[in-house]
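Following: one structure in structure tokens, then a few remarks.
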């Protein structure tokens, strides 16, 4: 079965349209991270004076990576939710019955998700830069940020698609929401773990999201650094490919049913 | 007439924006009557019931139920009425018995009385066995019966049933009819029931009002209304393409009445005697007859005459 | 009247027991966030000015109030469910006084709030929070818990009665979240900056938190803090109570 780029485009377009037409699905994933960032930066601005806090021009600058991470994590589950809705409504079967390639089904959706995640990251960067965030790594720093956001969005989307394909239940997909929530909070996203210390520092240090955040943050507040950039890209890419793999396995299981 | 009738409605109106859902309704229901409120979907039946049961404030006009004004004495009205709304308003997570008990508490029925009454009602509506199951597991018919039982726990003098049998299978429907009749007979409960079914109104109601587009277009005893129609209806199946030709051929025999596609219906002047004439007229016109029937005036005819339409979901020639 | 309140409230309790997932959720989030916050922001306390040097002490009362507030909006969710399945009409058609309908509905949420906040308190104590002012401290803490639950139920009910539509439901938590977090929820006034400081100074929830936190602050219970907190709490509860009540009166519209 050949997978054509036109097919991927058609499915991607459908998933992008689906997102745009359901403002209740994406407005929170824009508004909530921004509000949380506004709140945290006003609450914790003074903590920059605590010894051990990284050299940074403002708390907003420190939070840029966190804002992107949070927005992308929450925004990208909609791909999986959509798959589950399609399965529940029987739309998925119609797709399967059409000559469209099975792979296009998954890749089309993920392409849409990756695109939306990168756009979201760009939007957050622009907005936060108006309020004091920096992009010391320049254009290449921005490019890496968008790349990481895209991979991460794709990874989360693929994970959600996996769950959606396995269960066919919207509720099951949404049920993972608190787990994503926990993962973001238990990383270095919102506060430097070395200041918090204790169990938190340990947990944050083994959380792969921390590697991504630290890499991006370095490009935002310090400057270009190939090793930091590479570590963020590699981790997000690995997550992406692992979950794309699981989603393909889930797809073939669903087709055999 | 006296204002002590259990239901007395004067120039009642209810608007939703520019839509007049209920448009200047007047009616009076005598004590101990079963009153049928017949009309198609969207006619304004539920809106009327909601106003009479204090769930909605009228835009204008007045209504008294059980001798109390539905707006200024809403509380007294609530004490006197039992209501089963269109979509059995039941909390699926509770059991039948729990809901009955709650309803009793809400109406201030003493605990002892409520126990006795609950058992009696559960028995009556045939839910004894299922009373400790959650309502989520009930069938549509069981829910309606529970709803009916709940509306009776405080022994109301006036009972409102909004489309009590819509969506029920024929067996459940006639079981509910029996129950309503029994209530009415044994306790003299006044009942106002709304329905889209001609047969239901015909079978159950002492008096009916036909409501269409928010207005009452006919009111009276079913027999009287039918008599007023006079001539019986002849229905002739002639096939889709011959209907207009047949209508032309039969003009002299009586006024046309609404009918199903492929058929022509006529108020046959002179009744059965003129059946032969009708057949002859069609034969002369070279129109083939597939089927022919002559029915005495029915509520269907009353409805059709009053509104110029057939009633959706009517029993007569409702099945194709 | 009492009996009908108990009847309506009893239904709320039955519901809670039969749909444990709701209860689990309302316990899970505040405890989860408590644990996260004390880990994540452990270092923040070194800035000083918190009135305690224990991050656990700082966050326990807030998380209890948060749990209570979210338990309160549960009342809004179940009422909007009742409205959509018609059960609420049944209540409105009964001769029960309207105030009993309001109070009865809220009561179910109140029990849930007490349960949730007590679980949070227990988790807080396990993680090392140490109360400083005995019975009186706890008394005012639970006063705040009850008040915040009443306030948030009234907020949600006021919206539900007015809009009679489940689509309004996302506004319940958003409103509560906004009200709670634009106060001294995370850091005291002298630590917060900019717009947050400006709003938190005027947000009555700040005073309510002051009332609740006395139980875990170094200085313990003071009459100034108590009076300010009670006035703020009364203000919040009464105005949102009026909001709910007028919504219910308009329900028949």
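We call the chains A, B and C, going by the order they appear; numbering starts again at 1 in every chain.
Heads up, the rule we're going with is that contacts are C-beta pairs under 8 Å (C-beta built on N, C-alpha and C of every residue); 3 or more make two chains touch, one makes a residue touch a chain.
Treat the numbers as computed from the prediction; the structure is a model and nothing was measured.
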Chain of greatest Cα-centre distance to chain A: B
Per-chain Cα centre nearest the global Cα centre, belonging to chain: C
Where chain A and chain C are represented by their mean Cα positions, the distance between them in whole Å: 32
Inter-centroid spacing, chain C versus chain B (mean Cα positions, whole Å): 48
Between chain A and chain B, centroid-to-centroid distance (C-alpha), Å: 57
Interfacial residue positions of chain C with respect to chain B in the complex: 3-4, 6-8, 10-11, 14-15, 18-19, 82, 85-96, 252-253
Chain B residues within the chain C interface of the complex: 53-57, 75-76, 78-79, 81, 83, 85, 87-94, 98, 101-103, 105-108, 134, 150
Complex interface listing, chain A residues touching chain C: 24, 38-40, 42-47, 49-50, 52, 178, 182, 185-186, 190-192, 195-200, 203
Chain A contact footprint on chain C (complex, rising order): 28-29, 32, 36, 39-44, 46-47, 170, 181-182, 186-187, 191-197
